Amino acid sequence: MTVSTEGHTVKRYDQQLGNLRSLVLEMGGLVEDQITRAVQALQDEDLVAAREVVARDHVVNGFDVRADEEVVNLLALRQPVGSDLRLILSMAKTVTDLERIGDEAEKIARMTARMYDGTNIPHAKLLRDVASMAKLAVAMLHGALDALARMDVATALAIAKGDDELDGEFQSSLRRLATFMMEDPRTIGHAIDAIFIIKALERIGDHSKNIAEYVVYLVKGKDVRHVKKEQLTMDDLDS
Amino acid sequence: MNKPTTTARGVYTIPEERRIGGKAHLALVTRRNAAERRFRAYGIAALGLSLLFLVTLFVTIIGNGASAFRQTYVKLDVNFAADVLDPDGKRDPATLGSANYLTLVRNTLRSQLPDTEGRAALREAQGLISSAANYQLREMVLADPLLVGQTRPVWVLASALVDATLKGGIDRNLPESDRKISDRQLGWLDKLAAEGRIERRFNSVLFTAGDSREPEQAGIWGAVMGSFYTMVVTLALSFPIGVAAAIYLEEFAPRNRWTDLIEVNINNLAAVPSIVYGLLGLAVFINWFGLPRSAPLVGGLVLTLMTLPVIIIASRAALTSVPPSIREAALGMGASKMQTVTHHVLPLALPGMLTGAIIGMSRALGETAPLLMIGMVAFIVDVPTGFTSHATVLPVQIYLWADSPERAFVERTSAAILVLLGFMVAMNALAVILRKRFERRW
Amino acid sequence: MNTAIAQQRAIHQEPVMAAHPQDLAFNATEPAPEGHRTVGLVTVDNPKMSARDVNVHYGDKHAIKHVTIDIGTNEVIAFIGPSGCGKSTFLRCLNRMNDTIDGCRVSGEITLDGHDIYARDLDVVQLRARVGMVFQKPNPFPKSIFDNVAYGPRIHGMVSSKSELEDLVQWALEKAGLWNEVKDRLHQPGTGLSGGQQQRLCIARAISVSPEVILMDEPCSALDPIATAKIEELIDELRANFSIVIVTHSMQQAARVSQRTAYFHLGDLIEVGETEQIFTNPVHKLTEGYITGRFG
C-alpha cells in the first residue's frame, strides 16, 4: 500500500487523463500557431496565409469536440475526485478558452482578408499598435500553455498578473484610433476593422489569463479568478 | 490454435497437447473421471457394508428375540381341595396363605395326567409347570376364599422347558438321553395339546416382572425402572450443570491459560474409558460418602460424571454456532452480558444443547461398565421403588441374562436388547424432533 | 503537423498532487512519524463527542495512534481509509464495543457531552443506549419485526404500557422509512425482510432508544445501490436529530452523505476536513493518493 508515483492503480485511467492532457496541449499548440500566422499574415498583407488560417479553424473546433467528449467520458466512468477532478475541470475550461482564442485568430485573419482584398489599402499607422499587442498576447498564451504543461504555478501567476499590461495597451491603442478617426473621417472604415483586431488580441489576453488561472486551480486547488492579483503571492496559495 | 497467450510478464504459449481439448488434457480428464468413479464406488461399498452389518444385527436379534414376546400356558383343572388348603375349615387368610399349594399342584397333575405314579414320575410331571403356578393359585385363593372345595380350570405358566420344546428350541428327535425333556414328558405334552390345554399368549411377565432364576418368570420391568431412576438422576444433574458450565466457559470466562487448561481437560474427560468413572464412583460416592450400593442414585451420579463432558462440549458447540453478530446487536443495544445470553444466545443454542443432552443420555442409557463397579450388577428380583432401592439397569440385565446357562434366557436376552434399542431409537428421534421444532421457529 | 506543435512543449509527467511541506517526510507503507499531527478541521464549535489523544492496542499491535477528533452535533462525519487502517476500531471505541474484545486496551480521553465515557463510574450499558450502533451486516434478532424494535425500550424500561410501546415502535419504524413496508406484518420475523429492509430495521432498532449518536460501520456494504440510496437518504434525514458517524469503504458514499470526512491511514488520523474540501482539494498527499485511487 503505497502512494504510487507512477499514477493510478487503474492504468487505463492514467492513460485517459494523459490523452486528455496531450489533446489539450496539442490544441494549444495549434491555436498558438493560428494566432502567430494570423498576425503574420496581417503584417505581411498576405491574403493567402490569412485564408489558410480561416480554413484551419475547423481543425481547432474538431479538437474542442474531441476534448469535450473525453471530459464527459472521464466524468461518467471514473467519478474523478481531488486532483483528478481539478485536472479534468481545468482541461474542460481550457478547451473552451482555446476554442475562443482560435475564433479570435480566425477573426483577425478574416479582417486581414477583408482589409487587403480591394484597392483601398488601410493606412499603416492604423495598425501600428497591432504588432506590439500581438507580441504580448502570443507571449501570454505561450506562457499560459507552458505553465499548463509544466504545472508551473509561478509562471501562471505571472501571466495572470500580466493581463493588465495588455489591457493598458488596448486602451491607449483605442484612444489613438479614436484620434485618427476624428482627424480624418475617411479612415473610420479601416479604423473599425483595426479596433476589431486589437479587441481580438485583447480577448486572447483575457483567455490566456483564464488558462493561467486554471493552472493555479489545478495545482493548488485555489480559485484565483475575480481576485485582485497584485497582492497575491505564492505563499497565499499554500495556506 | 498456436496464438500466444499474453501475460503481464510477456508471452507464454501452452503446448498444443496440454491445452484444453489437447491429447494430454484428455488423458488427464479420463484419469480424473476414473478416480471420481472409484471414489464413489468405495463410498457405496462402505455404505453397503455398514448397512449389511446393521441388517444382520437386527435380523439376528429379532430372530432370536421375537419368540420371547409369546409364552406357553397350560390349562389345568385345579381342585382347590379343602383338606389341603384349609384342614380346620375356618377360611382364615393366614391359614390359606401358608397352605401347601405345591401339594395342590401335584394333586392336580396326578389327576390330570396318566402314568404319574411314583416320585420320579411326579417330579417329571411337575417339571412341565412353572413354579409360579403355586403363587398363582395362592393369589387366586386369597382373592376369593370361596374357591376352596371347588374345581376350576386355570391357565398356569408352563415351565421354560415346555416353552422351549414347543418353540422348537429342543429337538424331539434326539435320543432321550441327549435331551432335557423325557419321552414321558413329551407324551404328556402331546396329550395336553390334543386336549387343547396348551396355548401361547402374549408374554406379559416379561414386561411386568423383575429378574428371576426361572426364565419363564423373569422380566425386564425391574431393570427398566432401575434405568428410569438412574436416567432421572443423570438428566437432573448433568443437563443444568453441563449447560451452565458451557455458558460460563463460552460467554463469560476470560480466555487465558486456566480456561484453556479446563477446556483441554473437558475434552480429555470425554475420551476417558467409562469404567474409570465406575472406579471413581465406587471410591468417592460409596466408600467415602457412604451412599448405598447398587442404587440408581449412585448409578446416576456416575453416569452424570460420564455424560457431563459430552453435554458441555455439545453445548459449547451450540453456543459457538450462534452468530456473533447477534451478540453484537444485543450489546450494541445496551443489553448486559447476561441479557444478551438469556434473551438471544440461549434460545438459539438450545436445540443444539438439547440434542447434545439427549445423545449423551442415550449413551448413558446404554452404559454398563461403570455400573458394574458400583454393584448394579447384582441379581435383584424386586422392582425398585426409589432412588436408593437396589436396582439394576437394562444393559446390565442383558449382560446378566446373556451370562445365564438356561436355554430360555437366550431369547429373553435378545428381547431385552430389542427393548433397549427401542428406547435408544425413541430418544434419538426425540432429539431430532426437538431440534426440528425449535429450529423451525424462524 | 499538429503533433509537431505539441512536441514543442515538454509535458510534465509527474502526477498532479498538492505539494505540502510535510508530505515529503511520508512513506505510505510506513506509519506516520512520531508527532504526526492531523491536518485540517479536527475540532468543531459544538462537539457532541470529543476524542483526545486516543490510542488503541490489540496485544502488541498499536491499532490507533494519538487520534484527536471532534464529532459535531447534528453532523454526519465519515471515516474513510484503506482496510485495516483502524477506522472501525476507532468507531467501536466510541461506544466501548471494544470492551468485549480480549486484549484490547484504550487510552486517551473520549467524552460524550463533556463526560469521559471510559470513566470508572460510567455504566457501559447506558452509554451504548446513548451511542447506538448499526453494523456492517444487517443483524436483526431472530424475532418478529416488532420485537426487534421493541427490544431496546423494553430492556431499558422506557415504556410503561403496551400502547406506548406500540407508538414507539411505529415512530422508530417511520423514522427509519420502513413503516409503510412492514406495518401489515409486524409480527413476522425480521429475518424474512430483504437486506436493505433488514438494515433499515436495524436502524429503527438503534433509534428506538433515542440515542444521541449513531455509529454506522459500513452499513451499506452488503446492499444493492437502490437499498443503499434509501439508507443514504435516511442518514440525511436522521441528521436533524442525531449525530452520525459512518465508516465506509465507498468514497462516493462518504462524499454523498457526510459533512465532514476523516481519513485514517495505518492507525493514524491523517486528515479531517469539510467533505467538499477533502474530495476536491485534500491537503495531505496520502489523502489525495487514497481518494484518487493512487494506492497500489
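In order of appearance the chains are A, B and C, and numbering begins at 1 in each one.
One rule holds in what follows: a contact is a pair of C-beta atoms (placed from the backbone, for glycine too) under 8 Å apart; a residue touches a chain by one contact, two chains touch by 3 or more.
Nothing here was measured: the structure is a model prediction, and the numbers come from that model.
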Please give the intersection of the contact partners of subunit A with those of subunit C. none
Taking each chain's centre as the mean of its C-alpha atoms, which one lies nearest the mean of all protein C-alpha atoms here? C
Compared with subunit C, which chain's mean CA position is the farthest off? B
CA centroid of subunit A to CA centroid of subunit C, Å: 46
So, in whole Å, the Cα centroid of subunit A is separated from that of subunit B by 101
Could you please state the distance in Å, as a whole number, between where the Cα atoms of subunit B are centred and where those of subunit C are centred? 61
Quick one: in the complex, what on subunit C touches subunit A? 2-3, 5-6, 8-12, 14-20, 27-29, 82, 251-252, 255, 279-282, 285-289, 291-296
Spell out the residues on subunit B that touch subunit C in their complex, using ranges where they run on. 254-255, 323, 325-336, 339, 343-344, 348, 441-442
If we count contacts the way the header does, which residues on subunit A are in touch with subunit C in the complex? 1-10, 13, 21-22, 25-26, 28-30, 32-33, 59, 79-87, 145-146, 149-151, 218-222, 238
Would you tell me which residues of subunit C are touching subunit B in their complex? 95, 97, 100, 102, 125-129, 132-133, 135, 137, 139-143, 151-152, 155-156, 189, 191, 202, 205-206, 209
